[in-house]
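Several structures are given next for inspection.
Across the two complexes that follow, subunit A remains constant while its partner is subunit B and subsequently subunit C.
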Partner chain A sequence: MKALRNFLDKVKPNFEEGGKLSAFRSVFDGFETFLFVPNTVSKSGTHIHDTIDSKRVMSFVVIALIPALLFGMYNVGYQNYLVAGTLDQASFMEVFCYGFLAVLPKIIVSYLVGLGIEFTVAQWKHEEIQEGFLVSGMLIPLIVPIECPLWIIAVATAFAVIFAKEIFGGTGYNIFNVALITRAFLFFAYPTKMSGDSVWIAKESIFGLGNDLANGTVDGFTGATALGQVATGSTTTVTDALGNPVGLNDMIVGLMPGSIGETSVIAIMIGAVILLVSGVANWRTMISVFVGGALTAFLFNAIGSETNQVWNLDWMEHLCVGGFCFGAVFMATDPVTSPRTNCGKYIFGFLIGVVAIIIRCMNPGYPEGMMLAILLMNLFAALIDHCFVQRNINKRLNRLNNK
Partner chain B sequence: MAESIKIKKGLDIKLKGKAAETKSDALQSQFFSMRPDDFHGMTPKVAVKEGDAVKVGSVLFYDKANPDLKVVSPCSGTVEAVNRGERRKVLDIRLKSDGKFESVPFEKAQPSQLSSADVKKLLLESGFFAFINQRPFDVVANPNDAPKAIFISGFDSAPLAPSYDYVFDYTQCKDELQLGIDALAKLTTGKVYVSIHKDSAARAFKELKGVVITEFEGPHPAGNVGVQINHISPINKGEVVWTISPYDVVAIGSAFKKGTIDFSRLIALVGSSVSKPSYYKTYPGAEIASVVKGQVSEENVRYISGNPLTGRQVSKDGFIGAFAHQITVIPEGNKNNELLGWIMPRLNKFSTSHSYFSWLLGSKKEYVADTNLNGGERAFIMSGEYDAVFPMDILPEFLVKAIMDKDIDKMEQLGIYEVAPEDFALCEYVCTSKIETQRIVREGLDYLRKELA
Partner chain C sequence: MSNLKETFLTPLGLNNPVAVQVLGICSALAVTAQLEPAIVMGLSVTIILALANVVISLLRNTIPNRIRIIVQLVVVATLVTIVSEVLKAFAYDVSVALSVYVGLIITNCILMGRLEAFAMANGPVDSLVDGIGNGLGYAIILVIVAFIRELFGAGTLFGFQIIPDCLYEAGYMNCGLMLMPPMALIILGCIIWAMRAKNPELQEK
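Up next, the complex of A and B:
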C-alpha cells in the first residue's frame, strides 16, 4: 500500500499542468481518488465530515445491481440452451459462462464509451471525475435485449451521456435518467433491434459455448417477452420460449425472455433490500411506484377488455412482468431525476406506477410502459417540487399576513 | 409548567474527548487578541493605538455606522499592535496583559429599576452590547432596533459542547443570571425567552423570573437558538429578534452586581487529541496555549476555537474567539492515505449513512473524527439528507440553492431571515456532495443585507 502511494506520488507531477502526460490529468486523478481517499481537509464551515461520499453511494447501487446482473447472465444462457433443447446436458457453469460471455461485451462497451466521455469532459472542464456513470454504465447493459448490437449500444450511450447529461452540466444536473435516455434512443432509432420476437434470446455460440440458433436447425420457438405475448395474443396465458405455459411463480423467478437484467423479481428485490437498508435509494419513491402500478392494474383488470388482453392481466402479474420491478427499484429512485422533497417523491412514484400501466394497457404499439413513464415523470419532477416549495412559501406568507 | 417541544430531526455526533466536570484556572495569558471579524456585521474603527494603556472595558474599536456600538478590552495592560491585512482591514488588536484585570468602573445598580434607555447606554458603553446578536442576518445587534423578543438558549447541544448545567452553577451565578436577564428585559417590549433541555437540572435557569421558559428535547441542533426561535415564535419579514449566550448574560449581571467588568468564563477544552479534557476559567481573546499547554502531544492536530461544526480554525499560538465557549482539538486528516476507503466497512468511523455499519454499533460508542473531507465536492446528488437534520419549517436545500442563484425573492420566501450559518452546520456535515453550506448561507446573508441596506 505504501509502495503504491509512493509510486503515485512519484508519477503525479507528470500528470499535472505542464507535465508530459497532462492530457490525462483527469484519468490519473480519477484513479488516484479511486485508490486512495484524497487527503483534502475541510477549509470552511464544519471541521468534521460524514464518511459518506458519492463514490460510496454509487458503488452501493452497483453492488445492488449485481444479483440482477448475475441472474441475467445465467438467464441468457438458460434461454439459449432451452431453445436448443440441450439444457439437460449442459452444466450450470456452462450455461452461466455462455451468458457471461454474451453480456460482458455490452458492459465493456457501455463503460468504455460512457467513461471515455466522462474523462474527456472532466479533463476539459478541469473538474474531478464524477461517479454518476458508474451506475448508468451498469444499468445500460441490463435494460437492453441480448441481441442488441454493440455498435448501437455505443452510439446510444454516447448520445445519452452527451445530450442527456453533460450538456446540462454533468452528474447532478441532468433532468432525465441517463440510462433510460440510452434505452429510449435505442428504442426510437433502432426499433427492430429493441423489440419484437427475435431479439430476446442469444442466437450465436461463443467460444464453443452455447448453441447456434440462427442457422435454422432449431425452429418452433417464440422469443417474445411475456408482455409482448399478452399484447399480441388472445389470452393472458404466457408461455416460455418453447410454448409451455408459465405461471406467476416463474415470472418471479425470471427464467423468461426479456431485457438482460429485468426478468427476475427475486434478484431485483435483493438489490432493493440493499438499496433500502443502506438508505441509498428512497423508500418513498420505490413503494409509491408499486402502489400506483398495483392500483391502476387492478382497475384495468376490474374493467376488463375483450380485445386487449393486457387489461386482463392480474395486478400481481403486471408488477412482475417486463421492466416494472427493475424500473421501480433502480430507475425511479435516481435521486437526481426525482423530486427533492419527500412529499414530492410519493406523488412522483405513484404517478410512475400509474402511467406505466396506462401505457401498457392503452398503447397499441408498444407492450412496455415503464421506460416512458419514468422519463415522463422525470420531466414533471421539478413541477412536483415547485408545488411543495410553494406550499412552504405560502405558509410563511400566511404567517406574516396573520400576524 | 413550561411548554415542552420535542425536536425529532437532527443528529448527535458522539465524539471522543468530552470534558470531565472538573475545572481549573487557565495559565496566565500574556497576550490577548480581539478580532473584529468575530463581531460579524461591524465595520471597525480602531479607537486605540500602539502603546495605549487599557483596562478591562476600555474601548478598542467601534462600529463605523453606529459609533455607539463598541468592542472593549477583555484585559488590562497595553495595546501591543493593531494588525492590518490587505486594504488595511483590521485583523486583530493585540493586547499585552498586565495580569491584573483592572476594570473601568460600571454603575452598580438594579437594572429593573433603571430606565430602558439607561440600561442600553450602560451596555453599549461597557461593550456588552456587541455580544448581542440579531436575526435576520446573524450579525451584531443594531442598538436602534426594537426587537420583537430576546432569545437565550440555556443548553448547548453541539458535539462536545460544555454542559451548561455544570458551567452555570446555581449557587455561583443565579444572581448574576437574573440581573442580566432583568437588564435584557429592558431592551425589548416583547418577552425574554429562555430555552432549557428537558433533562436539564440547571436550577439557575429554571428559577429565573420574568422570562418565558421552554423545554426542548431531542438531538442537536435542539440547542441552537435559531431552531428554538423557529419553534417558539418564528421571525417574519420585517421583524428583528436578538439572541445572546448565557455566558454574556452572566457577565452583564455580574457587572451590575459588582460594579466592575469581568469577561472571565468557564470554557471546555475538548476533543480526541486532548489528554485530559476538562473546564478552564479563561477570557475571550486569551491565548489558546494558555489553556491547551501540556494537554496535546500530537503534532498534526487542528485547534478549533468553538465546536467542530461551527468553530474557527486557529493556530497553536492563536487566540480564543470572542464567542467561543469551547476549544476543540482533533486530528488533521491530511496524511491518512486511506486505501479504497470509500468501499471499506470503516467500523471506527461515524456515519449517518446506513451504507456504513456504525448505526449497528449503538448510539453510545464514541468516535474519533478527523478533518478529512472524506470525499470530493460534487453537485447536489442525494436528496432529503438536509431535511433529516434540519428541524425547522424551512426547506434547507431549496434555500441553499436560492442563495447560490442570488435570487433575493426566493431567499425571502424560503425563510432566509430565520436562519444563521450555524443552523446549516449539520447539513454540511452529512452532505454526500461535501457542499460548503455554511459558507454559502453566510455569503447569502451578507449579500441580502447589503442589497437591502
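Up next, the complex of A and C:
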C-alpha cells in the first residue's frame, strides 16, 4: 500500500500541467482517486466529510455483483456441458473456466468502451473522471444473453453512455439507468440477438474447453428462458435445456438459461445482503418492488387465463424467474435514478413491481417486463419526489399557520 | 439581388425550419425511414410552399385580416390535394408509403409559419424564393435523417443494398431501432447539436 502511494507520488508530476504526459491527466487522476481516497478538504466553513465517497460506494456495488457474476460464469459453462451431454465427465473447474472465458470478453468490451468514452469526455472538458461507469460496466455483461455478439455490446454501451449519461451532464445527472438503456437499445435494435431460444446457451468451445454446439452435432434441446417458454407454451411447466421439468427450487438455485447474471436468486440475494449491510442500497425500494410484484402476480394468478399461461404462473415463480430479482436488487435501487424521499421510494418500488408483472402478463410481444418497468418509473422518480416534498412543505405550512 | 440570395440561403443554414426553428418535426420523424419517400416528401413540401407563398403574396392586400388564416388554409389545402392526386397518378408506391403524411402537409407548421411571417408582408418574387428556400431546408434535413436511417436500419439506399454481403456474413446486423421513430428523433437531435456547436450564435443564453 505504502509502495503504491509512493509510486503514485513519484509519477504524479508527469501528469500535471506542463508535464510530459499531461494529456492523460484525467486518466491518472481517475486511477489515483480510485485507489486512494483523495485528501482534498473544504476551504470554508465547517464540514463533516465522510471518506466513503462515490468511488467507494460504487466499489461496494461491484463487490455485491461478484456472487451473481461468478454464478453466471458457472451457469454458462453448466448449460453448455448439459446440452452436449458431457456434464458427468467434466470437472467443476472445467465448467467454470469455460464460463469464465465466455463471459470475460463481454466484461472487457463493456469496460473498454464505456470507460474510453468517459475518459475522453473528462479529458476534453477538463473535468475529473466520473466513476459511475464502474457499476454500469459490470451490470451490462450481466444482463445480456451469452450469445450476444461483442460488437453489438460495444455499440449499445457507447449509445447508452453518450445518450443516456453524457448529454445529461454525466454521473449523477442521468435520468435513466445507463445499464438498462444499454439493454433497451440492444433489445429494440437487435431483437434476434436478445430474445428467442437460440441466444441463451453458449455454443462455441473456447481453447478446447466446452463443446461446439453450433454445427448441429447436438440437437433436441430448447434454449428458451423460463419466461419465454411459459409465454409461448401451453402450460406453466418450465423445463431445462434438455426438456426435464424444473421446479421452484431449481429456479431459486438458477442453473437454467437466462441472461448471464439474472438466473440465480441465491447469488443475487447474497449481493442484496452486501448492499443492505453496507448501506449502499435502500431496503425500502427493494422490499416494495417485491411486494408490488407479488401482489400483482397474485392478482393475475387469481383471475387466471386460458390462453396466456403467464397469467397462471404462481407469484413465487414470477419473482424467481427472469430478471425480476436482479432488477429489484441492482437496478431499482440505483440512487441516481430513484427518488430521494423515503415515501417516494415505497411508491417507486411498488409501481416497478406492479408494472413489471403487468408488462409480463399483458403484452404479447416480449416475455420480460422488468427492464421497461424500471425505465418507466425512472421517468417518474423526480415527479414522485416533487409530490412528497410539496406535501411535506404544505403540511408544515399548515402547522405553522394553525399555531 | 443579394437580398434574394440571402432569402434563399438562410433557411438552408442558420435559419433552418427544422433544425433551428424546430418546426415540422412530426413528418420528419414519420417519413424518414427510407430515402425515397423522404425526398418525395421534401419536394412536395417545397412545391406547395413555393406556390402557396406566391398565391398568398399576390392576394395579400385583398385578404381581410380577420379571415386570413382561413384563406391561407384554403390555398394550402388546394395545393396539397393537387400534389396528392399527382403522386397517386404518377408515383403510386411512394404515395402509399407516405400514406396520410401528404395530406397532413396542410398542418405542417412550416407552411403556416412562412405564409404568416413572410408571404403576407413581401412581394411574389421574394415569397417564391423564400418558399423554395424553406422547402429545401426542410428537405435537406429529411434527406440527412433518411440517409442515416435507411443505411444503418436496412443496409440499403433507395432500396438498393449498399452494405456488402460479406459484412453480414461476418456478423454485422441491421439496427432495428433505426427504423423506429425514436431513433429519428435522436438523429435529429444530433443534427441540431452539431449545428449549435458549430454556430454559437444559435445557442440561447
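Operating definition for what follows: the second predicted complex is superposed on the first by the 386 of 403 C-alpha atoms of A that agree within 3 Å, B and C clash if a C-alpha of one lies under 4 Å from a C-alpha of the other, contacts with A are read in each partner's own complex, and residues count from 1 in each chain.
Heads up, the rule we're going with is that contacts are C-beta pairs under 8 Å (C-beta built on N, C-alpha and C of every residue); 3 or more make two chains touch, one makes a residue touch a chain.
Just so it is clear, the model here is predicted, and its values are computed rather than measured.
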Checklist entry - Put the two structures on top of each other at subunit A: do subunit B and subunit C fit, or clash? => result fit
Checklist entry - What is the contact status of A:Pro191 with respect to subunit B (first) and subunit C (second): first, second, both, or neither? => result second
Next on the checklist: Contacts for A:Asn249 in the overlay, against subunit B (first) and subunit C (second): which applies, first, second, both or neither?
Outcome noted: neither
Checklist entry - Which partner does A:Phe163 reach: the first (subunit B), the second (subunit C), both, or neither? => result second
Next on the checklist: According to the stated criteria, A:Thr33 is in contact with first (subunit B), second (subunit C), both, or neither; which is it?
Outcome noted: first
Item to check | Angle at subunit A between subunit B and subunit C, C-alpha centres, nearest 10 degrees | outcome: 100
Checklist entry - If you stack the two complexes on chain A, which partner ends up touching A:Gln89: first (subunit B), second (subunit C), both, or neither? => result neither
Next on the checklist: In this superposition, which partner touches a larger number of subunit A residues, subunit B or subunit C?
Outcome noted: B
Checklist entry - Which holds for A:Ile152: it touches subunit B only (first), subunit C only (second), both, or neither? => result second
Checklist outcome for this item: Once superposed, subunit B sits from subunit C at a minimum Cα distance (Å) of 15
Checklist outcome for this item: Going through subunit A, the residues touched by subunit B and also by subunit C turn out to be none
Checklist entry - Inside the complex, what are the residues of subunit A that reach subunit C? => result 149, 151-152, 155, 163, 185, 188-193
Checklist entry - Quick one: in the complex, what on subunit B touches subunit A? => result 13, 15, 159, 234, 236-238, 302, 304, 308-311, 313, 328, 330, 332-343, 346, 349-356, 369-384, 387, 393-395, 397-398, 413-415, 421, 425, 428-434, 436-439
Item to check | Interfacial residue positions of subunit C with respect to subunit A in the complex | outcome: 171-173, 175-178, 180, 186
Item to check | Of subunit A, residues touching subunit B in the complex | outcome: 1, 4-5, 33-42, 44-57, 59-60, 128, 130, 132, 169-173, 277-280, 282, 335-336, 338-342, 385, 388-389, 392-393, 395-397, 399-400, 403
